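Below is one structure. I have some questions about it.
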Amino acid sequence: MANSKYEYVKSFEQPDALLPNTWIVVRIDGRGFHKLSDHYGFIKPNDRRALDLMNAAAVGVMKDLPDLCIAYGISDEYSFAFHPNCQLFERRSAKLVTTIVSTFTAHYIYLWGTYFPDTPLQPAALPSFDGRAVMYPNSRIFRDYMSWRQVDCHINNLYNTTFWTMVLQGGMDRREAELELKGTLSSDKNEILFKRFGINYNNEEEIYKKGSVIYRQEETSPLQEDTPSKTQQEKIRKLRRKVQVVVDHVDIIKDEFWERRPWILSGKPGKLPTEAKQVAS
Amino acid sequence: MANSKYEYVKSFEQPDALLPNTWIVVRIDGRGFHKLSDHYGFIKPNDRRALDLMNAAAVGVMKDLPDLCIAYGISDEYSFAFHPNCQLFERRSAKLVTTIVSTFTAHYIYLWGTYFPDTPLQPAALPSFDGRAVMYPNSRIFRDYMSWRQVDCHINNLYNTTFWTMVLQGGMDRREAELELKGTLSSDKNEILFKRFGINYNNEEEIYKKGSVIYRQEETSPLQEDTPSKTQQEKIRKLRRKVQVVVDHVDIIKDEFWERRPWILSGKPGKLPTEAKQVAS
Amino acid sequence: MANSKYEYVKSFEQPDALLPNTWIVVRIDGRGFHKLSDHYGFIKPNDRRALDLMNAAAVGVMKDLPDLCIAYGISDEYSFAFHPNCQLFERRSAKLVTTIVSTFTAHYIYLWGTYFPDTPLQPAALPSFDGRAVMYPNSRIFRDYMSWRQVDCHINNLYNTTFWTMVLQGGMDRREAELELKGTLSSDKNEILFKRFGINYNNEEEIYKKGSVIYRQEETSPLQEDTPSKTQQEKIRKLRRKVQVVVDHVDIIKDEFWERRPWILSGKPGKLPTEAKQVAS
Amino acid sequence: MANSKYEYVKSFEQPDALLPNTWIVVRIDGRGFHKLSDHYGFIKPNDRRALDLMNAAAVGVMKDLPDLCIAYGISDEYSFAFHPNCQLFERRSAKLVTTIVSTFTAHYIYLWGTYFPDTPLQPAALPSFDGRAVMYPNSRIFRDYMSWRQVDCHINNLYNTTFWTMVLQGGMDRREAELELKGTLSSDKNEILFKRFGINYNNEEEIYKKGSVIYRQEETSPLQEDTPSKTQQEKIRKLRRKVQVVVDHVDIIKDEFWERRPWILSGKPGKLPTEAKQVAS
């Protein structure tokens, strides 16, 4: 039986390869997590179980997709980055973004019970994520993207920490707290925390203040070429599957993080590491 | 603390709204399901549990996204369609496709244990899906798309049924069977099945021969306007959440299916149904 | 000498084929024509020479590109339409739009002296045009696009006719006239023209009130297929080159225009006409 | 009269802004120039009048669009480049490419008579150009693009010079010459030219061997910021209109060209030059 009569519909699929030699960031966001976090009783302002689940799912994605070179997460969002020399799926945008979103979701749902053993998922309220792919033409702008997210983490966490302390410890009405915080500076919020509640924001946990950065504990391979062939790419993938994936809560705005891990920006990873720091899941 | 220094990176996100007044089909495919079906021991040529799981996940997507008007699935793929008048997420391609892929994945993983109670998922081999959005400018071409998928279902299922019967019942080597089937017509395969194994292909189960079509058992609302306002859209969504979602295994190539369910192509659904046929999950 | 070292840069060119089976409208606009019309002393509100030049250039485009099926122009803008079955340049957007813009510009500059014999062009103030391609999924929406332009023609011409009559015949200051016209309805402008200046707007020339529509005086070919092959396309092009190109100033909002020239919307032109009406250039 | 009924068609125009912070190259090509050069009797292998006309038109474009920072032309093609910090027309692709194509065409047609005084243009064979915009993420790749075009210039010119010398001076049949040149190296062609015709290819004119590069004779402004504001952009445009536009025939593959004119790659032009070399038109 000939299929040709209808096969012309394939011609309506439009190509969507991303521009070569650009950083690709796939950022995913929880859908309706405000409502969902209420539904499943997430602790305010930060639920450590929920963040650990996000990180575990992201580690799963990093392991399943060795082409990824770094990821950064805060709250219910995660950014996954491919180096400019990445050729995965011929750089097709929809393929890259849906693969990451689906893989993340699969791990998240699969691991839910591990992190929320007493709160089973309900079929009418399953967590899900949307995503988008964005190109950044060079490493300076890519790092500015990463800095943007970490600054956002700081701003949001300081606000949320102050707000929920005022509500939960201070007994304030939510609207009242919101009103008082409107227009305040970081220093104002620090002062509220310290003077009224004896809380030194600096002593808050790093995972809340800095977010989570995930990378491979490898070394720069001096042998790798700028544009690896398909065979080389496959070799690198195999090697990277053996490399330890690390979850860290450190500053990624300053140069130090990047200078100490040159394989991330160089796009020439692949050597097995000689030491590892903190191993994920 | 000002965020503005890095916020410029937001300008790199490019708009991706799909052309107005076109059908949008989001087709998702299982990633590496050939290997995965071996890994989890799917029965050949058709594993009813796996198909039922696909359908259950698709029903979950249809219920979570009332803007969807129809879905069609075969094997490890599913196509979800939005009517040309759909305004969901301002028709942004990445948002639409990732939401569907993630929601489908969430249901699939969540429901796995229901359909494979004796085959637990393993974290290193979690099922995942990729997807893409395609526009079709009118109902004739959209129906040709749906026909294309159902013809594909027929071609693949006849081939697979014959191939696996030759291997499993006929004791043939896989390569041998492949070689014999090369270049055969439908009639040849029907004859092999009937003469050698006494199997009448017409008696095979409809779900294998026709695939699965999912729609709402509603009625055309004569009151609805061509381009519903945001408020009207919300009303329609609410109404559609109450409507029964039906899984069927019928011909969608001929006119009859569409003529009996005019609300699908008209894009004017919303009236509560007076009767329902087969209710999903 | 090997070129391969640099040839990789070709991979940065991104495909831009427009969606199949959609109407393609390329609309071009004069760049800075407000200033340019002052520079070359165009007559207000309508300079017949300038409009005739626009039409002559558009006829040139229609003759050079037989794939075009209709064009409509007002003031310093022109819309050129390709039928959904058009395959020219594999429907690549940039190729289609630049070819039309360049061909139009070439004719416009070449013919300038014919229409403005006493006003030579100056190299620092050469007329030029920009353009864009827009897809419309079906004939109803394509006709709405054409109607939109003709309604715009009416609105602008009624305003301009009233404004410049107030200024040139009424001796009013420009700002004064602008202020008085602000917020007025069509009926108000008609009354100003009639009561103050004895002008019946209905008697104005059709080219000003209706704009200019250009099409081929051919007949529907009952023999043509829905999707003509490359050879058939070439035959149709040859045939259409012999067909007379007509410039008309008539209503294109009502059905009559389209019903009397069914080959435009059917996309099945090609038969040589048996009669012709008004032959262009 | 309300226009709103049809105005919805505007929503079908899709945004097409190019990625920020990338080089934009608009390359235009003569349409059907093989046939056209025969039609108007262009001299083989190089018609100096035709090249001078191309360059004059390109200078016209550079003067009309001060945002352009460099252009390079060979044969009937020209590449125009915008720096990554360019904000012209909000970087909309169609607007950029059509403006350049139209402006180039206008100058080309307008100047035709100056360079071909004895060969008037004919309305049925007007020269026209198509074009496309391509993004390059950094200066290294942008320079590779420019090198690619200049290497192409060399390859084509050596071939054409040898071919036409064999035909015009050697009296060979075209097919014969083509056959003999098939598969030859640069050194082979140099030898044919030298041994058979006493021609030293190195002594050919630079414009034929190197193509034409056009830039502004300005200086790097140490004062300019990375991302100039709209007001600053307008100031820079004004300043650049006064700067001399230079046409050169030099190597642009090696570093020297770029190191001596740092304002091109830095994107910080604007200072009035203290000396000029060769002034165009």
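Going by the order they are written in, the chains are A, B, C and D; count residues from 1 in each one.
The rule is short, and it goes like this: contacts are C-beta pairs under 8 Å (C-beta built on N, C-alpha and C of every residue); 3 or more make two chains touch, one makes a residue touch a chain.
Computed from a prediction, not measured in an experiment: that's the story for all the values here.
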Chain A on chain B, rotation in degrees - Cα superposition, rounded to nearest 5: 180
Between C-D and B-C, the pair with more C-beta contacts: C-D
Remotest chain, chain A as reference, centres from CA atoms: C
Distance between the centres, which are taken as Cα means, of chain D and chain C, whole angstrom: 30
Centre-of-Cα separation between chain C and chain B, whole angstrom: 44
Chain A: positions in contact with at least two other chains: 8, 12, 14, 19-21, 135, 141
Touching residues (chain side chain A, partner chain B) in the complex: 1, 3, 6-10, 12-14, 16, 28, 31, 60, 63-64, 93-95, 97-99, 101-111, 121, 123-124, 126-136, 141, 144-145, 147-148, 151-152, 154-155, 185-186
Chain A residues within the chain D interface of the complex: 19-22, 84, 135, 137-138, 141
Interface residues, chain A side, partner chain C - complex: 8, 11-12, 14-15, 17, 19-21, 227
